[in-house]
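Each in structure tokens, the structures are laid out below.
Two complexes come next, and they have one chain in common, chain A, joined by chain B in the first and chain C in the second.
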Partner chain A sequence: MAAWVKGGAADVDAAVEAAVDLLAAARVPVLAGLSADVSALRAAYRLAETLGASLDPVSGPSVYAELGALSAGGVMTTTRAETIGRADVVLVLGNRPWDGDLIGEIAAAAPSRGRAAGAERALLSLGGPQNGAIRHVAYAAEAGGLAVSLGHLRAFAKGHLAGEAAYADLAKRLFAARYGVVVYDPEEVGELGVEMLQGLIRDLNETTRFFALTLADPFQGRAAVQLSAWTTGQAPRVGFGRHQPEHDPWRFDSARQIAAGEADAALWLASLPAPRPAWLGSLPTIAIVGEGSTEAAGETADIVITVGVPGEGVGGALWNERRGVIAYTEPKGPSKTAEALTASGVLARIRDRLIEKGVSC
Partner chain B sequence: MSTLRLRGDLPERVDLLNITPLALSGLSEAEAGKLAIGTSRRGLTLGDVFEIRLDGSDSLVIEGGSSRLDRVGAALSEGSIRVEGDAGQRLGEGMAGGALTVTGSAGPYAATGATGGTITIQGDASDHAGGAVYAAKAGLDGATLVIGGKAGDHLGDRMRRGMILAGSAGAFAASRMIAGTILVSGALGDHPGYGMRRGTLIAGSHGALLPTFVETGTPDLVFTRLLAQSLKRLSVPQAGLLGGTLRRYSGDLATLGKGEMFVPA
Partner chain C sequence: MLTRIHGGRVVDPTAGRDAIGDVWIEDGRVVAPSERAPDRTIDATGCVVMAGGVEVHSHIAGGNVVMSRLLLPDLYVSESAPNGHPFAHAGGSGSWIGANYARMGYTTAVEPALPPSNALATHLELADIPLLDRGGLAVMGNDDHLLQLLRDGEGRQAVRDLVQQTLAHSRGLGVKCINAGGASAFKDGVLKLSLDDEIPCYGLSTRKIMSALLDAVEEIGVPHPLHVHCNNLGLPGADDSLVATLEAAEGRRIHFAHAQFYAYGVVDPENPMTGGFRSAAERINAAMEEHPNATYDVGQVVFGQTVTISLDILRQFGGRKGAKPKKWVLTAGDAEGGGVVPFLYRPRGPVSSLQWAIGLELMLLSSNPERTILTTDHPNGGVFTEYPRIIHLLMDTEERAKEIATLPAIVGERSGLPKIEREYTFSEIAQLTRSGPAKLLGLTDRGHLREGAKADVAIYRDERDRTAMFSRAKLVLKDGQPIVEDGEVVAWFSGKTLSLDVEADAGMEKRAESYLQDRFGAGLDTFAVPDAAFPENTGTFEDVACRA
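Then we have the complex of A and B:
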């Protein structure tokens, strides 16, 4: 276990004490990153409530692209297992879904359950990388991007546009599906595009079955959405400055708050890997990072505390993308030090010390 | 005329919901000074931020502005508020009536959900002016929004009724528009009318057009002449758009497709 205060090695108690002093002096503290297991997220929301801070997960752009459409008109989604078991038509949107093993797994199997059982599986792509390794029918995206392409496709699907265009052919293939699935990454498609796509899926469900399989962000954003919902009743970007959880995705965007000079202290929580924020070093910051990560060094922030990495050095409840649920993940092996600190433990100690000192909002 | 004079730079965003002439009319200056408007853990009161002079009238002037003044005039139902400077996000949110004027620029979501009255921004408006906030059913909802300068992206997003006048606008103007009228004297950015269901968008020029808007000729419509007459009374530059022949585009065909966009032919 390692900790640094102002670049110098320190013991954890001293680092916690310094963190308490830093947060207690702040007017508008923000807790950002939130790439951590569920118990650490819970501890972060509790600390924010005590401190009157706001929270913003690093997965914000992905989470809100999806939540924007969900809050406006609902979404129709399915799971990875249902897609592999039932889908006879799978449309892959954009580049991001091709990165992992998902598309290969979908392409390798045929529908075995439900109304399309025994049929061949048709794999289609729109605006994909066209790498050719997996056999599929590729359609190019419009110059305006995926959102514009989805609007164009939907106009053909609705019968508002007609002709011999490629998208007319694609729309026909989608309507011919018995159980269709669209795979996409919400951040890549964007809020407007996701809403258009969900409209298209509703249109398709007039005559057949069609669903979305959305890729989760890799930074525990889905877990943060659920935890924030059961803790505050709101989506993740909430602030406790006025003693109650206020949800405002614009106001509590941590990058905006810091760029505008509104936030005067930050706590960066990334016990799991997360992209290093550009604002580190621009305001007094505490970093709680995974042991062995590149950020586990004295120069990362004013105060740095390393903790066990959930699913590596310590156990923790994490978002399981394959199952689409929060599930406990065992540690892979013993921690490098005898008694591994957890992020939730460090956050709880900071909160307890703040309460002992009578610092609360 | 009551006045609130800004004492200096704001250390945090403040929320002026409920700071209206009507709300202040029954209060003494000392009582008004105790109203909480801060948003951080420290908190601020109206008296911390402003020098307060109240005379019980239905007009309020805020001398000095800041991009951290949120929800100015949000609960306005009658009377007037004038900000001599900039305003923050959600200017006139849900406003029901009266007149709200900002001499500088306004932050995002100006006039969101406003059902009545006139909101005038003499400078520029940030993104989502007249647009819907997260999870809201509608953006501008019956009020009139006048932007002297530029509007950002997503002008009139999910707007439901009312009218917006602006000098120019960014990308995705009139996105997801449900109904209403938007007139932009200058240029629109790319992809105006994305997901537009109904409503009218009239502009001097536009950026990249969506493939789901189709040209429907240059009709001579009674509606545009009636609109021109009503705008002449307001003496706004947008009235000039309606003088000549207009080319009409219909869209967004990806959705209901009953929206229309006009540009000078």
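Then we have the complex of A and C:
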């Protein structure tokens, strides 16, 4: 595997040793990115605890739009397979759900299970692209955006607003569902919108069954949330600076910490693709990145260690968007190099060496 | 290394032992008394020596447990832990769970709801619970594939093969059914379901589904009987559901989960849903006497804030408006899904006081504590760390009377608890928490201290304050090694996940693959729990053999 220290090619042992020295010298290190398989996430949590560091997944904005509403008011959700198998009414919110293959699959099939089996499926959209490629009934979003539109839709559904408005018609269609599903991306809808939408779903469930199908972020955020919850009892972002896990989305926002000068070292974990953070290069940094990625180069950070990409060169437990669960993904083929390191292995080695050296936070 | 635990009061009801004596250990097993000089002698003078505790029903892992932490992040408190295990002081975490069970002298715990559709994440979470051997029960009874087979009358062999394939792929220790057909019915608009009500679209009933699973479990030879969560949990008249389900088992082995939540007799037959409930503990225990094929765990309620976690989405939907605080998560999943609903058992509230009394009454009226297993259905009735207090109440009439005196009169009016004078003995506590659950799970190597047993041993100081005694074991050995001393964890042993040694039938595997591809656009590999997913825990799993 390739590794670089200060831009120069190095063997992995030397890179690990340099990483240990960098972290041992830091007072407020942050572990960011966390776009990796479950065993690497697990190793990152253990390393952060040893260091007294904080952890911040790149999936933060998506995770928080969902978690904020969840802990405030709860959610009612369903799965992709239940949507395709059972739903007679599907409302697609915003633009993002139209990007992948999900809506096409929903549109291509009619309900085949449950009480709506054999019925036609009504595909509705609110605030979508209206590109006409997939047949559906489109409702425009209001000028205030999706959250305001959802507020008005809920008001019509509850009878707090009346009239011949389009949203009154949409509300009627939702109540007519036997198994209704609303598909959305939490990041696009935003925390306020998600909260309003979940309120609408609760209202609909007074008379019928209606659930949300939310899109996951593409950076393993949902796996990170689960691992974090069973490891620390809390969702990310989490910090260990005071010898106990503390959940604080604002305080442990790595971009904020770095911009404010609070953090003095960073470890960027992206064995799977993740957007390159703007702060890379602005403080002493270790990058653990997937082999073959554009970040797998000496100039990415002070220390760069390439590792096998989970699901490509090495196996790994990953968030499976289609199934909505963590599933093990076998490697597709041999690693590009003879012996692929795993991110979890590298992180564990760094931690072991820190413990050997008696470093404590 | 030969170890002698010397001079303690050894309590092992399976061997009729309750006397001062020794326990000998070598190579992680209990051995016969030896002529050789021991390498280590543990002085247990003034102590009670029991096998390690065994938990049969505690929600310690899985998607809904994760969700409960996200819904109620403030339920547990994290404490500073400068030394030792990094996460054992992180309130509600897997490490916290392992540490707190171990401190009480428990060495095995089973998660009763392992959803086959989400098996890998549940097992990854279980594997991160230190100090204990763990296991999970694969949940069936609402999945479309099973219901299709039953609807189409495919016969016992097909059902058996599907159950076996599910067990093999999810690496379960046993099989559980939760309000069989209820989640499916809920998705089709049903809000109340009893044993013989029709499950829409399938023409089945809970009775038919459960009966098929009872047969399959017997034919496969699963050591643990079918673990059943009945219809109508928590409703007045739920005792009818439990007794009807017991009779529907028709002599086949069956285990009832959290019986306390079903021991609610109707007070006013004219207004069954609004007239309240009274204890049906006597009725439930009388029914158990008549059906030696059955066991139950209690699901004792303790006062205070908790969060209810159940795959019984129909029940959780019904209970959502009783949430405190007023928020909940309901998931219409690929089979069961589930619900997470916060709940406050109001201290000294009339309803929660009656529930509290009924659980104790069930245990105190039981003629055989081995068939009456102590659980709180953690966290549904309350947190498992309350076990020592519950044991105290069972063992001490005076302590019980003191507590009852603080509660509303309804406890005496609608339950028989205040009149019961029975005090549990140490042997009965060992039956309730050791030999009973181990026998129930079919784990012959634990729950006792006979020769050949795993050297999972709990040593408690014999204190009058039983709460203190059972909260902090003096010494706990796991596989012969000390893991707890004076109530504190001293070694971070990693236990095994116990899973049944079964192989999927090749024909059913092929059929399941085709079914799953059609329904999910993904195959069995996305349901699998391969060893490779546990890179840091090689040897995570330990096989448990089927019955001969």
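Keep in mind that, in the parts below, the second predicted complex is superposed on the first by the 361 of 361 C-alpha atoms of A that agree within 3 Å, B and C clash if a C-alpha of one lies under 4 Å from a C-alpha of the other, contacts with A are read in each partner's own complex, and residues count from 1 in each chain.
One rule holds for everything that comes next: a residue touches a chain if its C-beta (ideal position, glycine included) is under 8 Å from a C-beta of that chain, and two chains touch if they have at least 3 such contacts.
Since the model is a prediction, treat every value here as computed from it, not as a measurement.
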{"item": "Partner chain in contact with A:242 - chain B first, chain C second, else both or neither", "value": "both"}
{"item": "First (chain B), second (chain C), both or neither touched by A:351", "value": "neither"}
{"item": "Partner chain in contact with A:96 - chain B first, chain C second, else both or neither", "value": "neither"}
{"item": "Chain B versus chain C as contact partner of A:317, first or second or both or neither", "value": "second"}
{"item": "Which of chain B and chain C A:121 touches, first, second, both or neither", "value": "neither"}
{"item": "Contacts of A:81 with chain B and chain C, given as first, second, both or neither", "value": "second"}
{"item": "Touched partner set for A:231, first chain B, second chain C, both or neither", "value": "second"}
{"item": "Partner chain(s) touched by A:71 [first = chain B, second = chain C, both, neither]", "value": "both"}
{"item": "First, second, both or neither for A:136, with chain B first and chain C second", "value": "neither"}
{"item": "Where chain A meets both chain C and chain B, residue numbers", "value": "67, 71-72, 235, 242, 247"}
{"item": "Parts of chain A lying in touch with chain C, wherever the complex brings them together", "value": "38-39, 42-43, 45-46, 49-50, 67, 70-82, 85-86, 105, 113-115, 117, 178-179, 205, 208-209, 211, 225-227, 229-235, 242-247, 315-317, 320, 322-323, 325-328, 330, 342, 344-345, 348"}
{"item": "Sites on chain C touched by chain A in the complex", "value": "61, 63, 65-66, 69-73, 76, 78-82, 86-87, 89-96, 117-118, 120-121, 124-125, 128, 144, 184, 186-189, 200-201, 317, 323, 327-334, 337, 340, 519-522, 525-530, 532-536"}
{"item": "Chain A contact footprint on chain B (complex, rising order)", "value": "11-13, 38-43, 67-68, 70, 89, 108-109, 133-135, 158, 172, 175-176, 190-191, 194-195, 208, 210-212, 252-255, 257"}
{"item": "Chain B contact footprint on chain A (complex, rising order)", "value": "27-29, 51-53, 64, 67-68, 71-72, 142-144, 147-148, 150-152, 154-155, 158, 160-161, 192, 195-196, 199, 235, 239-242, 247-251, 260, 262, 361"}
